[in-house]
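You will see two complexes here that share subunit A, one where it goes with subunit B and one where it goes with subunit C.
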Partner chain A sequence: MSEQLLAYVEKTSPIHRADALSKLLWVVIVVVATFQFQTTLPRVVLFFVLLFTALVIARVPLGTLWRVSPLIFGVAFLLGAFHYVVTKGITPLYQFGSHVVYREPLEAGGAYFFRLAIMVLASFLLIWTTDTYQLMVGLAYLGLPYRYAFAIFMALRYIPLIQREVEAVRAAHAIRGKAAQSPLKHRFRLWQRYLFTVIVNGLRKAENTAVAIEARGFGAYPERTYWKEFRWTRSGFLIIVSFTVFCVALIVWERVYL
Partner chain B sequence: MTLPAMFIINVLIVVILGVIARFVKLGTQEKAEGWNFGFTNRDLILMAVVAAISGVVNTGTGILWNAANAAGGPLAGAALQGAFMWAYILVFFLVRKPGAMLIVGVLDTAVEALLGNPSGIATIGWGVTQGIAAEVVLAICNYGFFNWFSLGLAGAAASQFGTVWTAYLFGWDTTPEVVSQYWVATPINLISGFILSGLLGLALGKMIARTGLVRATRSS
Partner chain C sequence: MASSSSAPLVTFDQVTFYHFERTRPALSEISFALPRGSLTLLVGPSGCGKSTLCMLMTGIVPHLLGGVLKGRVLVDGKDVSQTSVKDLALSVGLLFQDPEWMFATLRVEDEIAFGPENLKLPKEEIYQRVEDALETVHLTPFRHQLVWALSGGQIQKLGFASVLAMQPPLMILDEPTANLDPATTHAVHELILHLRQQGKTIVLVSKDLDEFIADADNMIYLAEGKIIAQGEPRQVIRQSGLHMLQAGVWLPEPTEIGLCLQEKGRLPAETLPLTVAEAKEAFSRLSFVSPKSEMVQPKDFGEALIEAENLQYAYTPKIPALRGISFTIRRGEIVAIIGQNGAGKSTLAKLLVGLLKPTGGSLHLFGKDATRWKVAELANQIALVFQNPEHQFLCDTVFEELSYSLLAKGITDPAEIQVRVVETLRQLDLQDNAQTHPFALSEGAKRRLGVATMLVGGGTQALIVDEPTYGQDRRMTERLMKYIRQLRQEGITVIMITHDMRLVEAHIDRAIVMAEGRILYDGAPQTLFTLEEVIRQANLRPTALNRLLTELRRQGMIIPPNINTVAKFIEAVQ
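Right, the complex of A and B next:
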């Protein structure tokens, strides 16, 4: 599921046009803000603003959002439920028969649910709208040595190759009669074999890649060139400014009026 | 107990594990590269590939672990806590340079965040905390040698120190009951990290070395 649904989708929305670093900074702003809120309401507001940003401004298809919703809400819901259970209630809000709903557990559960949901939604929005190559170029622009930025790019570039490799190893085992439809213990053994084969093949490919890039002079000079240089964009600047102002306004509103 | 107090106690645990790793030398001693930060292109690409593989593997485990920890608190996910750092130890076995485990930690968790870890970009916090703890243990050993015990302790330290980030993210410092559950889970975290990360990572490295297919292991 992850490979298809959590990948860069090329579109022409203002969020897509924004540079990768601005979007990364934007995610950091959102995450920092959600940790600053002390009540649930500002988090609810921020969550719905993010949802609006994803669906309307970034034009993420509703179907995509719906299919990743277990990832966005699943753990957040469990975390919210955990805090609802462990937080002691003092102020009664409602009563359903013998069960009393208190304000404090509801606040704590809601706060943790929205805090995690906001972080995950913002992260996914970054993934859907950002080309990883641009992110690598951006990190090098920030001063990260380009060989290290390239390592990040390589790790991301290898993900689909690894997923294909797992399929190939699985098919090879199936041909030899090691069917995947077997008891759990056998499946675990198969998984061990897949992992080992994938690691060894991956390391061999890595070594060949290292030889190939060195043969092309990679790492020989302190600087390198890119086919598309990093540039700050106006839409990126707008996203950062608007969300910073919005988050600060929410914090002030919470501290003064709530 | 407040989060800073939990943090300080965990720092002490990591340092103690490092001191034990330095002075208790069990098993065959293997040589590391000392304080040599000069990563070659091959080192960096090996780290990237191992991080990508572990990122793919850990994303699946991460969903289960996140659900267990979120729903049940510190004790529920403790047994699985150590299952994420085998790649750090494997990379140290292959590269043997300081910083390799931290770099793999960050890359691995960045891959997880991009593949759909249910904690989103906050996943990188675990990469940083776990990577630093593993590095501290081997830094106390001066990066001069390693054996199964010191790598096991590096895995244990990484496993335990990662819970500092979990405590911050999941609010495990909010009630005394959860804090006490957190400390009850500590030995389980340590054992889990020792076996599932330290010993498993080393075993994988040795198995890879035995194949003779990877140049990085031919000197070992």
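Right, the complex of A and C next:
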């Protein structure tokens, strides 16, 4: 069986031990902070702190991070490149032949790249370290109607199953060979078909799941019992406090010294 | 309000059902009653309406998936057309073929608690129900495990436990053993009998009837949406056994033999064995000669196509899948790779088609080191048909799908493509579906198209088929096996990954048995079934035919050694 890249992995790290709501709040703090920074440097610092948290504190294997890096950096790179291209340059920094690199597009590209990379990494860290059932119980504890809490839970629950489906389709397509003349055309056709197969099978399975959970009484009453209670944890509190202090310090540092 | 205990738990009264926007009924004028505490087998060929009937009892149709219901369905005193699915959930539990998709949580115990939580039961009661269900299915040591860390058998048990915790009087089990190894299948069967003893009413859809047929109280035989026969299993098979065989229903091998011998006048009409034990008695006066048809004996196969020496593969250092295996596969062989779920079979298949590269040892494919093959180039030599053939379809029609494969092999002349595709469609009996979307084909046709997309255009030297009989009825399987035998005659090596011991016994030259990434046995299937230790370690179980032959030989009967199918058994009877 191949490794599940985007699924909860059971460990006993302080991050794993923290309650689900604190971790959700922690992701919100990180995301808000990235929007408060005005330059790239604090974002770079925050990104590496998150990376350190993932590797050292949460003990996420380097191999897992490596394998999901296209997801973390891929869209972020495209977003960064887009902003590099569309931002008007005023202050020249370097010149490569006829191409001049300006400070403004570089900063805009870097800002968007790190902003998205931070958000994706923080979300992945939440997925890797959180039993999503606890997250559902926590959201219900906050008063969110359980159908909505469950929708979030199911979306997270589905990620590894969809990952497995994508892997199976990709493997099956790889051995069909190439019929199109241009590699680009072939690649486009494959992507078109990946999406079709994954969506069709995903919808079919989602329908099966919806039917199956309804047949198990889901939605029978406006409220439901949770056999496990939600409890705030000390490690969750520490994570929130430490990251809040750290992010505020970064903002102050940026505003005062940069 | 629930009915009294003497009334039937389920009653179908003149039920006709049309699926959403269909004009042809999926079920026609169905009437039957199931007593409380009974075990009912629901049998019929693929597409006969079994699943629709199960969904009607749970209210999934017409309430969730639409459709038109005529007649009356009563479950536990509730009229299905007037009762919501949620309310019916108190009376009916449905275990799906692939329970993983019905799971809603991450942990074993949370999953079992999910249903009772929905019913707003007090926490103390939920705890008790979880404990009881875990104990019944023997999953207590795994209660804190994540669902995706479970084996195939454990997933099925968790499915049972999740349904059990709802404490429904009726349990519907739709092919609960379809993807399990034989020994796990046997364990699930025992669990079902245990539940029946506890007073549950059980409706079972399964092609593995060997274990139940003698214990079942009722059998309902459906074909084309109608009940052909119903009643006590022996009576149903007496009445419609030959019809069932012709329609493609899998029956236990002793029963198939009994029916065929009765037809030939070699067995009295009142004698119909359902089990190995009964067949041992019934056939004790038969005498045998060697069957004239082709003997399955070791053949001189061609040159080595695949050579593995101490082959290893690990997904990560902590997940070793193959732990140093060695074997050689030659041209023209039909080889089965068998073993329990997670034994390393699928990993081996991916290595053979180049989707994975060895992490240790050596693997030579068609005279070249596996690491030097590109996947696309290797695809011209060796093909893999996935368990779900939909994964490999790339086009919008069956015709285009086959054309794509020809183009990928460098055949670009439109006239030649037309001729080859038409010929292949004819061979596969798919000529009427040329313009059909591949996803819209029947399961059997999808499987045949999957094989054809990999072979059309020629040049392929070896074919790997993952679970060729999964979801196939007897007629579909026979068609596919006929096609595979044709391929072997053309010199193509066929490797099957399978749990189906009947398939192994009847169609395979050689079996490679795997367990925990190692090879336990490599040789003739007939010898394999005599090796008790290998059978135990690999979670296998000899077929009913094999067990019958062993019993008859133990009685001192002289039986030719080359009997490996029902047809050969019949042929050998003097």
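Everything below uses one rule, namely that the second predicted complex is superposed on the first by the 172 of 258 C-alpha atoms of A that agree within 3 Å, B and C clash if a C-alpha of one lies under 4 Å from a C-alpha of the other, contacts with A are read in each partner's own complex, and residues count from 1 in each chain.
One rule holds for everything that comes next: a residue touches a chain if its C-beta (ideal position, glycine included) is under 8 Å from a C-beta of that chain, and two chains touch if they have at least 3 such contacts.
Just so we're clear, the structure is a prediction, and the values are computed from it rather than from any experiment.
Between subunit B (first) and subunit C (second), which, if any, makes contact with A:Leu71: first, second, both or neither?
In the superposition, A:Leu71 touches subunit B alone.
Have a look at where A:Ala215 lands relative to subunit B and subunit C in the superposition and call it first, second, both or neither.
A:Ala215 contacts subunit C only, not subunit B.
Between subunit B (first) and subunit C (second), which does A:Arg193 come into contact with in this model arrangement: first, second, both, or neither?
second
With both complexes superposed on chain A, which partner does A:Met154 reach: first (subunit B), second (subunit C), both or neither?
Once the two structures are laid over each other on A, A:Met154 reaches both partners.
Between subunit B (first) and subunit C (second), which does A:Lys205 come into contact with in this model arrangement: first, second, both, or neither?
In the superposition, A:Lys205 touches subunit B and subunit C alike.
One more residue to check, A:Val31. First (subunit B), second (subunit C), both or neither?
So A:Val31 only meets subunit B here.
Which of the two partners, first being subunit B and second being subunit C, lies in contact with A:Leu116: first, second, both, or neither?
Touch status of A:Leu116: first partner only.
Regarding the shared-chain residue A:His99, is it in contact with subunit B (first), subunit C (second), both, or neither?
After superposing on A, A:His99 lies clear of both subunit B and subunit C.
Which parts of subunit A are touched by subunit B and by subunit C alike?
After superposing on chain A, subunit A residues 1-3, 132, 150, 154, 200, 205, 209-211, 213-214, 218-219 contact both subunit B and subunit C.
Touching residues of subunit C toward subunit A in the complex: what are they?
Against subunit A, the touching part of subunit C is residues 58-60, 64-65, 85-90, 92-94, 96, 100-102, 104-107, 110, 113-123, 126-127, 130, 146, 148, 162-163, 166, 315-316, 319, 321, 342, 350, 353-355, 375-376, 378-380, 383-384, 386, 388, 390-394, 403-405, 407-409, 439, 453-454.
Using the touch definition from the top, list the residues of subunit B that touch subunit A in their complex.
Answer in residue numbers: 39-42, 44-53, 55-57, 59, 63, 66-67, 70-73, 90, 94, 103, 107, 110-111, 113-116, 118-122, 169-171, 174-175, 177-178, 204, 207-208, 211, 213-216.
For a test of understanding, state which residues of subunit A touch subunit C in their complex under the given definition.
These residues of subunit A touch subunit C: 1-4, 7-8, 10, 61, 63, 131-133, 150, 154, 157, 160-161, 168-169, 171-180, 189-190, 193, 197, 200-201, 205, 208-221, 223-228.
Enumerate the contact residues on subunit A facing subunit B in the complex.
It comes out as residues 1-3, 5-6, 27, 31, 68, 71-72, 74-76, 78-79, 81-83, 86-88, 108, 112, 116, 119-124, 126-127, 132, 147-148, 150-152, 154-156, 158-159, 162-163, 166, 195-196, 198-200, 202-207, 209-211, 213-214, 218-219.
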